[in-house]
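Before anything else, here's the structure in question.
Naming follows writing order (A, B, C and D), and every chain is counted from residue 1.
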Amino acid sequence: MGVKGIRTALKVDFDKHASQQAGLHNRWHPDVPAYGKIANNEVVKIECLDWTGGQIKNNDSADDIKNVDLTQIHYLSGPFDIETAEPGDVLLVEIQDVQPFEDRPWGFTGIFSPQNGGGFLDELYPEPAKAIWDFEGIFCSSRHIPHVRFAGLIHPGIMGCAPSAEVLAEWNRREGELIAANTTNRDVAKPPEPQNVHAGFAAEAIKAKVGQEGARTIPGRPEHGGNCDIKNLSRGSKVYLPVHVPGAKFSVGDLHFSQGDGEISFCGAIEMAGIITLKFTVIKDGMSKMAMKSPIFHPGPVEPQFGPGRYLTFEGFSVDENGKQHYLDATVAYRQTCLRVIEYLRRYGYNDYQIYLLLSSAPVQGHIAGLVDIPNACTTLGVPMDIFDFDIRPEAEVVRRDMGSCAFAGK
Amino acid sequence: MGVKGIRTALKVDFDKHASQQAGLHNRWHPDVPAYGKIANNEVVKIECLDWTGGQIKNNDSADDIKNVDLTQIHYLSGPFDIETAEPGDVLLVEIQDVQPFEDRPWGFTGIFSPQNGGGFLDELYPEPAKAIWDFEGIFCSSRHIPHVRFAGLIHPGIMGCAPSAEVLAEWNRREGELIAANTTNRDVAKPPEPQNVHAGFAAEAIKAKVGQEGARTIPGRPEHGGNCDIKNLSRGSKVYLPVHVPGAKFSVGDLHFSQGDGEISFCGAIEMAGIITLKFTVIKDGMSKMAMKSPIFHPGPVEPQFGPGRYLTFEGFSVDENGKQHYLDATVAYRQTCLRVIEYLRRYGYNDYQIYLLLSSAPVQGHIAGLVDIPNACTTLGVPMDIFDFDIRPEAEVVRRDMGSCAFAGK
Amino acid sequence: MGVKGIRTALKVDFDKHASQQAGLHNRWHPDVPAYGKIANNEVVKIECLDWTGGQIKNNDSADDIKNVDLTQIHYLSGPFDIETAEPGDVLLVEIQDVQPFEDRPWGFTGIFSPQNGGGFLDELYPEPAKAIWDFEGIFCSSRHIPHVRFAGLIHPGIMGCAPSAEVLAEWNRREGELIAANTTNRDVAKPPEPQNVHAGFAAEAIKAKVGQEGARTIPGRPEHGGNCDIKNLSRGSKVYLPVHVPGAKFSVGDLHFSQGDGEISFCGAIEMAGIITLKFTVIKDGMSKMAMKSPIFHPGPVEPQFGPGRYLTFEGFSVDENGKQHYLDATVAYRQTCLRVIEYLRRYGYNDYQIYLLLSSAPVQGHIAGLVDIPNACTTLGVPMDIFDFDIRPEAEVVRRDMGSCAFAGK
Amino acid sequence: MGVKGIRTALKVDFDKHASQQAGLHNRWHPDVPAYGKIANNEVVKIECLDWTGGQIKNNDSADDIKNVDLTQIHYLSGPFDIETAEPGDVLLVEIQDVQPFEDRPWGFTGIFSPQNGGGFLDELYPEPAKAIWDFEGIFCSSRHIPHVRFAGLIHPGIMGCAPSAEVLAEWNRREGELIAANTTNRDVAKPPEPQNVHAGFAAEAIKAKVGQEGARTIPGRPEHGGNCDIKNLSRGSKVYLPVHVPGAKFSVGDLHFSQGDGEISFCGAIEMAGIITLKFTVIKDGMSKMAMKSPIFHPGPVEPQFGPGRYLTFEGFSVDENGKQHYLDATVAYRQTCLRVIEYLRRYGYNDYQIYLLLSSAPVQGHIAGLVDIPNACTTLGVPMDIFDFDIRPEAEVVRRDMGSCAFAGK
């Protein structure tokens, strides 16, 4: 009777640029070649770079955030062929563990400039900013947001199987239509981007094709999941993913030490490089058996638990900050909810960008409360009070502290 | 040392039409006269009719749902003058208890027709339908949705203080603009409605004014809360409400035995008549001290707890059922998420309307997962598996049962 | 389609002495006549006096505690014949609700003198003492233990079916042997007690027999449950009880608004009169099917939840306060654990009796940690920090407050 | 701005016998020399062997359990001098992480023979037995107890500071008295044991003294904690330990992947080698400030959470299996509670030893329910139903499975 260690299906190399590593890629396309094979029912470890491929540094300037090259992102690990997986199957992925690298116990949260990435509140908070988080076992804290400390609800931001050519064409069609119809001055979606495309070890012709057709990894998409940024997909969760191509061509990346519901600052989670341990099981003909159009998941029993009575919860409605009434718009309502938290917490001495970063990264609970009472959507945002080392209950005295600052970019 | 029972500040009369009861009203307006006075720090019981004032019956036809008169709703209890409350204060309301009437241990969930009320999924599910729920202590079950039973997370759908004249004018302005700009064939908001206005014991002139100017109680609104339909505002919660008029003129109603996040079918919660026990505390100058623009709340420690590992969670994205791509639209995403649950659960024998009713009323968790990854918003909906008496995990065998039907309207 | 209210199977009368009420009794004996019948699968409400039958008053003296007549206790409601129940069956009792009487929103916790009842720490704390608790919806607080407030985990202390003659004889045998072997100066068990026996409406001969043979209701017993004082048997729980006599002869009483694990002061829970709603289901031949020798239960999903990180937890070992080493004695260890909490909390200004009362009544978690590491048993006691309105974490400053006092007896 | 990895204060060597490693020791004595120094406020990693020092193998025979040499145990890592710590201080130890070694993803649970170690139920279950557990990320499962899988609540069984000479003398006095008074045929405590003593790199004379006087590590003790076997001392917990000697001389070991309350089979937890990450903070004069006689702790917010409604809970009373009545004896009651679970679970096909092993290692909740109702103590044991892959609720059908067997010793 032996003991078998777990195979590492992909190692990353911190001394080599992400674009030079054959096990990484940064577009969704059926032709990105499989980096390796994983057996049905096998457990493997997969190493991942942070989503930017190492562009962001552990320092006190947000210049790197300001100048981040978004054509490169996200560097995903994979794709992997899962033996026996065929289109129409469901790939059950059990997240057995996620860890930062032992010698890289830190991560970052960023606020991007509207000119380069933007974020949920970028009209109000256009400055690039950054917070570095230090990991202390299961906890994290930041010199850029003092008096806060919490346990990570660690998870991958991105998991998914490759689209088929048909699925990819559909993505390009519908997102193209949105782009074509855009009359605003902001990007509403990202079309295929040949620049800085990385297609693993694909030959040049394939790589060019991936650049021209490949879907950006930024949005999650209903047909395969992708960049869902679901904070509860943590250790112990099972995820059921539709399979669209032979072998599934599964990829994973964008690991987060923690994230709040909504990941509001876009680079909002605590982004990190790390190692994920996954078990793969193929459910034959699962899409039809489970009537599945989008991924579903079953969280594990282990989460930071604050108790229902330990949240301070804010309400927001679909009336924007200019007094304009929107029709049942949960997005507008959630933005207002975030602003209500910022107004409340700034009384303790934090600047608004610190709170914006905090809301993006701490395990805040963003709920859709009411979505039918015309014209107002109502959303709530629950802030766990135990992440602060002072008392934020409304009945406690407000003491204004020197909270320092998050990192900003030089002018 | 004596024991003082709790004063009942308002009794409702089930033998008299709601419109004839002086302690009820159905519009928000500063001139609705205060029905009674409540001392600062006092605890009182307040009785409430169901939101329709008794229009819906405990039977097996949805004709009452089809023909419901929405000009009457919601019948609220109050308003009450809270002693010492002044504009700019915050009214702290502690929900000490909510109960159905002992001799009315039942409630209802309804799906309205698009011609009369509508709901979140009304384009797909236009038939009026109804489920009656029987209360068994802390649990409820329905002959119209068999094999389901859960503990209520009992709460008031509506609480709020009266708007000032200025606040009311602002509501009418912005909602009027939305109505004026409406080019769709559906109502986007409800303007003041003189028909069936009820302003408590107001004299005729005041009543007419309330009818002409008074805000409908349907939407929650940022300045005072109102119809927030927040399922976690349950027993033990503290709510902090802005005060806009002298005495606050607090009203409450629309009691729910249970509700899912979003209250998706509009009459989606388990609506009931009942008794709420509230404690009122005035926080002088609270709006400025707490930097408050919208209500905040602090839930109590008692909730049905299923454990993180007991939810089956569905994902949805802002691509609608016609394949159209929407831009970061959480409302579209949540609608898709609901549809994913319907597709999954119908395999067990439920019809779609039963599931639509269930999603509205059971304590499902609707989260905003990601709201920044252009162009897709991602929302999730967690269904507590323990509310079913059979196993809905993906790995369990699907057995199709005779699930009967919810109530429909006669043709 | 009608709505049926729930039948009240027993009403108590506060104007009549408990001993004069036919639906009450205070001994376990198969011959106590059944007060009423309950159908299989029926839901009924049953009213209960507090366990002393009203001897303890809502005042500020513990004279009533000092002079309590323990020959009368506990007054139980019942017994009830459950239709179809036969020996060998299991009676499934679902606790659908427990409530105090609306016009009696208070309860009491008492410390008995060693001469009359005693308690877990009576050698150290021999004075009779009392705390009165006021109920505020789901919460309670006490003028005798200020700065504390918590939600009740409301439950019946006693539930059980009558013993058969054989089971009763076994009880009397084994407890009689313990009494006979007693060489200490304290009561180790209570033999049958003819004085003040109450056997419902039994004729005199039966009543005399019950007095001579009937088991006291003080201890829980493995064969039927009885006075288990399990704080988690709250609303929504299902209890599976062995049936020993035809009709089961089910009784219930000793309602608690809240209790800590161990109920350490004997009259330790928050004792109250109230109404319990129960559903009864007979499981034929259940004892053999379930291999059942003692009751088992399945708690409901609704409990006050403080989160694992909100408990301050104390350790105790089986070395007593005189330095004597005991062998794996969890009882000694738990007594030491309680003393550790008293030493910690008295720094805030409470007197020891206040803390003793608090530990008995608040939802503290008493765990058996290690019970195999000879010679020391280790137990833990977790105190939920959120029941205090000040910060009791070790890192918070200790501020000594004027905490008043619990009630004591006059000298 | 740099990133500092965490220092490993002690590495163990799997190729060298534990007794030859200078950083380990197996007795409590103030003269065991400090292996290293740790700064106040420093975070370090400390490697630990399993408690037997590697005597138990990953195979299918319990011969190693039968023949285990208990004079060697426990091999602890340390002691460490914590800078600035003085007698009377409190050492705050934050458990930031605990992990198995990556290449040793397994652990064991053992049942010892009464002739060599024994256990809580050894009179009924005298055979040596063993289960090997495989770790899969946060989960574990065992080929020896099929159909069970659960998330680890990983923790150290032993932590403590060295006793002073006075404290050690007191231990030897009181445990010696117990041994001297023993009239049973079983060990009631373990006196100092010169054989196989290991005192780190101590010189021979010191080592001999440690052998003659040093306290065995088997029991936890009130003055310093030690072998508490508290399952909730998991990641994120803070433990407050009394300091008795200059530098504290802190030791740690006996890591558990999981354990049930009581650790009933003595070698009951899932024993493993691993790495613990600790932060040390000295609280000057803390014992007097905190009125501390025994350690206290503050658990972290992260635990496997099953929800209150997911436990099946068994009751036990202080009447032993021979019908003998004991006086308020929680130890007897807990033994009966364990037997009730065994009787219930064996219906599914498990043999009694498998269940005995399972109860020791799974996160079962052992509560002291009532401890004052003479003569019966009542304890409860809650079994989380979600650890089984079949339905163990009483209402589910009982299907007897082939459950294989745990490992036994050859005859």
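In this section, a contact is a pair of C-beta atoms (placed from the backbone, for glycine too) under 8 Å apart; a residue touches a chain by one contact, two chains touch by 3 or more.
Per UniProt, the chains are A, B, C, D = Formamidase FmdS.
Quick caveat, the model's predicted, so the values are computed rather than measured.
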List every chain that touches both chain A (Formamidase FmdS) and chain B (Formamidase FmdS). C, D
Return the chain pair with more inter-chain C-beta contacts, choosing between A-D and B-D. A-D
Return the chain whose centre of C-alpha atoms lies at maximal distance from the corresponding centre of chain B (Formamidase FmdS). D
Can you compute the centre-to-centre distance for chain A (Formamidase FmdS) and chain D (Formamidase FmdS), using the mean CA position of each chain? Integer Å is fine. 39
Provide the C-alpha centroid distance between chain C (Formamidase FmdS) and chain D (Formamidase FmdS), rounded to the nearest whole angstrom. 32
Cα centroid separation, chain B (Formamidase FmdS) vs chain D (Formamidase FmdS), in Å, comes to 50
At least two partner chains per residue is the criterion; list those residues in chain D (Formamidase FmdS). 236, 300-309, 386
Flag every residue of chain C (Formamidase FmdS) that touches chain D (Formamidase FmdS) in the complex, lowest number first. 92, 119-120, 170, 174-175, 177-178, 187-190, 218-222, 225, 227-232, 236, 240, 261-266, 268, 283, 289-303, 305, 307-309, 311-317, 319, 323-331, 334, 336, 340, 343-344, 346-347, 365-380, 382, 393-394, 398
Residues of chain D (Formamidase FmdS) touching chain B (Formamidase FmdS) in their complex? 304-310, 386, 391
What part of chain A (Formamidase FmdS) is in contact with chain D (Formamidase FmdS) in the complex they form? 1-3, 5-6, 43, 58-60, 94-97, 102-106, 132, 136-139, 151, 235-236, 277, 279, 300-306, 386
